[in-house]
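Input: one structure, supplied below.
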Amino acid sequence: MHINWFKYSSPQTFYPLAGKMIPWFYGLAVLFALAGLYVSFALAPTDFQQGEAYRIIFVHVPAAWMSMFIYIVMAGWAAFGLALNARLSAMMAQALAPTGAMFTFLALVTGSLWGKPMWGTWWVWDARLTSELILLFLYLGFIALQSAIDDPRRSDRAGAVLALVGVVNVPIIYFSVKWWNTLHQGSTISMTAAPKMVTIMLLGMLFMALAFWMYSIAVALVRVRCIILERERSTEWVKNLFGEEK
Amino acid sequence: MNSVWFIVLRRELLLAMRRRSDVATTLFFFLIVSSLFPLGIGPEPAVLSSIAPGVLWVAALLANMLSLTRLFSSDFNDGTLEQMLIAPQPLIVIIIAKIFGHWVVCGLPVILLAPIIGLQYALPNDVLLVLFLSLLLGTPTLSLVGAIGAALTLGVRGSGLLVALLVLPLYIPVLIFGAGAVAASQHGMGAEAHLSLLAASSILSLVLAPIATSTALRIAVE
Amino acid sequence: MNSVWFIVLRRELLLAMRRRSDVATTLFFFLIVSSLFPLGIGPEPAVLSSIAPGVLWVAALLANMLSLTRLFSSDFNDGTLEQMLIAPQPLIVIIIAKIFGHWVVCGLPVILLAPIIGLQYALPNDVLLVLFLSLLLGTPTLSLVGAIGAALTLGVRGSGLLVALLVLPLYIPVLIFGAGAVAASQHGMGAEAHLSLLAASSILSLVLAPIATSTALRIAVE
Amino acid sequence: MLTANNLTCVRGDRVLFRNTQLQLKNGGLLYVLGENGSGKSSLLKVISGLLYSQEGEVLWNGKSIRRDKEEYQSNLVYIGHQNGLKDDLTALENLMFIARLANKDIKDGDALGALDAIGIKRCANLPVRVLSQGQKRRVALARLWITNSRLWVLDEPFAALDSFSIDSMASRIGEHLIGGGMAVITTHQHIELKSQSTQTVRLSS
Amino acid sequence: MLTANNLTCVRGDRVLFRNTQLQLKNGGLLYVLGENGSGKSSLLKVISGLLYSQEGEVLWNGKSIRRDKEEYQSNLVYIGHQNGLKDDLTALENLMFIARLANKDIKDGDALGALDAIGIKRCANLPVRVLSQGQKRRVALARLWITNSRLWVLDEPFAALDSFSIDSMASRIGEHLIGGGMAVITTHQHIELKSQSTQTVRLSS
């Protein structure tokens, strides 16, 4: 995402550019994933407490990181779109949301899968878990709102307002949930069950995070291309495009 | 007779498809409401599982009730209801089809999701089964009775206090038996008595509610 | 400026008087949700009073949210909203007046009723006072934030539940601090920290929410 | 044959009409005229059985319409001020539903033909929500092209229509009347309709 | 003076109008004509600042209406297809509210006068819910008797009205134009209006 968006901010010029970039990002994603998998399954040692189950961390933690990171990026695009009336950035926000929701869901599922052997339960109302769940709701609200409005301009702008309100609220939620937990209860099970981070594990998670990141970009670009086609279907250049391909 | 049933049902489902977000939203609403309680009450699993029956049932009831308010209002506002009243088809059948469509779209998903949320409250499997059954047997009553309320609120304005007084208390027995069934099985007692009461009330309301609803609708249009 | 505030507020209150049932329904809803739990959970005072803060706060929050969905929708459907948008008056002031009117009609009665219901849960007097204060300071945030959701979903299919999906996650901090305040005073700790956080969030949302709402309304009408 | 005896309708404190007599034979057209608020729509609703009249009865072939509902209602088309369309369904879907509700088993093709006749075939697959005022009205009126009901009760069928659609509506009503149908119509516009016999009821407020 | 340059409005896939130019001087009347669905209502909404136009701008005395909102909006009356009335309030209460919202500080007496002028003083204290179609429309239009805004934007003001009210509306609009006001009007009926200068924009679909 380090492209000069201003230059390519017209959907028409961006469409072919995105088409060219997609394979590269997919390629990078595969490379990083291979490296990450190698590190995490071959190099990283078996944990003496948790056995092999702990390896889920290599999916869980990067997914959790991405879930939060993508929300901020998405809100950024949305704000940009609302303020400058830039169509393409609104489309980017729309394209990112499903991926963000997917990673949030992945973090929740892997966490629960991990929680069963570790804590003996699928779910506890812990601060981190709770705020991740709320993040999922925020994503779903955004997606539901956008899909409920047909008019693209309106759905972009309404989605942007919601994303901005949500982004103001995310830190508030995060801290309130933390305080809530520490304020009223004795100890439930906490994250101390996690193993000490040896460097090799950090490396593995890093590679996986990079892989997820590249994958997110690639998928977002694919999706934004679809959105562009759908929205601009009545314009000349889209008609030409399909005229040529046939 | 059969065919108008299908036509109306088909239309309800078509409308639901067009606004898919409605269906999804019922589910998420249920999910969110049932996650609000732990946030308000605190995360201790023992407390949570003791309130789980009440919480899940209230959440299901709310999800059902919220979506019910729109059961007739859009048909009323755009004039479709008038057309239904003067159609050469039995009104009762049309009404039952509408209620059934609503239940399929808004009730069923909640019933299917509830056990999964029950997991969050650390309910054991047999209790989850009872939860599922109690919702399956209880929600039809909610939809049917709610339809009366929805029809009454169409016409009666101002004096709608009466409506609230009439309909909301009718929900209470369902809640008590429903939550009671789950709580009973939680405490290792049989839930059959509760469940059969729920079933009985569903059957009773299937017989009576559509008649009351159709009368209320005629009044509303006049 | 002041005067349009009063004009809009007066109209909101007048409308509420005309449809008293709306107000009554909110109250009944609150009553039923909060009195179901003692029925569903059993009469043990220790359990009841431990869940009281959460239950009462969740009930208040849901009651508030349910009534919010109608905040703008009737103005939107009959064209009054268009007139408000092109009135030579600051839209923000109109919006604040509407929200305030809504709070007076739907929020205030719940706030006043809550301590009475708290008695059922065997809460002592000082805790009841904190409950009252926490609701008084917290519900304005709910109304203000809820207005954004109501405005965003105007004219959107299935808006009732969608608004819940959008708004409930945003309500969570208020719920946590509100229920937290009551719980803290129950455990003999000071509730000031929580209460001042609630007040701060009300002020913050008083500043930000009307702006977001007015943007959302303009988007809705376009 | 539609007859009505001594119809009296009171709303609130006002008597809208009193002792109104109607008799409509095959091929007959009945204009209901009057100022705004004089009770035209109310009379049409009474005739359709939607509104209760304090006194008097409406008879279809000599039988009270409250008694022999199904027989009457399968011979009736009523189109009121409201269009009775669902915003989220397309024009075609709306028309199909309304026709099927009236017990007509029609095909997509017939419905498209009806939409074509009133000039909105192009909008057949648009959700009604995005249509203009007049286009919505036309969708509601399109059912007159696929019905074989004998009695048409139309409340201001010409309002909001442009001149092209007014013409096609007028000729469709004429066709129906020539074919022996009956129609009860209110309007504030002066539109020529061909019929075997035309009566006028004038309500005053 | 109202001017508009190169207005273009796209809804869904359809271009409703493209490069429309308008210029309306004091005392001028602009008819917007066209078939159902040709975009008349959309154009009126763009002029009122309710709808966004893909291209072009509307100017009031040379200043964009999006820039100098308050000045423009205090000179504007817009009455669309929807009446903007609350069913549960009385006709009088509705009229008072709408007038006050437009910053006019009127008395009950003035409002009653306006209702009288359009012939529904009798319904002043009835809730709007029980009024007939045409009576509701009249309540919405009554505000034209108590406004001193310069620009009136009226979407089918004559639809659903009876001939008496059409006459009073027409003479009121004439008065406004003679007094130097401006009006933008759509209609499907042919009503004579007196004005210093009349223009017509014809939209085609």
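Just so it is clear, A, B, C, D and E label the chains in written order, and each chain counts residues from 1 on its own.
The rule we apply is simple: a contact is a pair of C-beta atoms (placed from the backbone, for glycine too) under 8 Å apart; a residue touches a chain by one contact, two chains touch by 3 or more.
A quick note: this is a predicted structure, and the numbers were derived from the prediction, not measured.
Measuring between Cα centroids, which chain is at the maximum distance from chain A?
Chain D.
Copies chain B and chain C touch; is their interface built from the same residue numbers (over half shared) or different ones?
Mostly the same residues form this interface, as more than half of the numbers used are common to both chains.
Through what angle, to the nearest 5 degrees, does chain D rotate to match chain E on its C-alpha atoms?
About 180 degrees of rotation relates the two copies.
Using the average of all C-alpha atoms in each chain as its centre, how far is it in Å between chain A and chain E?
That pair's centroid distance is 49 Å.
Counting only Cα atoms for the centres, state how far chain B is from chain C in Å.
About 24 Å separates the centre of chain B from that of chain C.
Using mean CA coordinates as chain centres, what's the chain C-chain D distance in Å?
Each chain reduced to its C-alpha mean, chain C and chain D end up 46 Å apart.
How many Å are there between the centre of chain A and the centre of chain B, using C-alpha atoms for each centre?
35
Any chance you could list the residues of chain E touching two or more other chains?
52, 81, 88
Give me the residue numbers in chain C that touch at least two other chains, ranges are fine.
Where chain C meets two or more other chains at a single residue, that happens at 18-19, 157-158, 162, 165, 168-169, 172, 176, 183, 222.
When you check chain A against every other chain, which residues touch at least two of them?
Answer for chain A, listing residues that touch two or more other chains: 137, 140, 144, 148, 153, 177, 180, 184.
List the residues on chain C that touch chain B in their complex, please.
18-22, 24-25, 28-29, 32-33, 36-37, 39-42, 47, 50-51, 53-55, 57-58, 61-62, 66, 77, 157-158, 160-162, 164-165, 168-169, 171-172, 175-176, 179, 183
Which part of chain A faces chain C closely enough to touch in the complex?
82, 134, 137-138, 140-141, 144-145, 148-149, 153-154, 157-158, 161-162, 164-166, 168-169, 172-173, 176-177, 179-180, 183-184
Within the complex, which stretch of chain E touches chain D?
Where chain E meets chain D, its residues are 11-12, 34-41, 81, 120, 123, 126, 130-135, 137-138, 156, 159-166, 188-189.
State the interface residues of chain A toward chain B in the complex, per the touch definition above.
Within the complex, chain A contacts chain B at residues 121-126, 130, 133, 137, 140, 144, 147-148, 177, 180-181, 184-185, 188.
Mind listing the chain C positions that touch chain E in their complex?
3-4, 7-8, 11, 14-15, 18-19, 74, 78-80, 82-89, 94, 221-222
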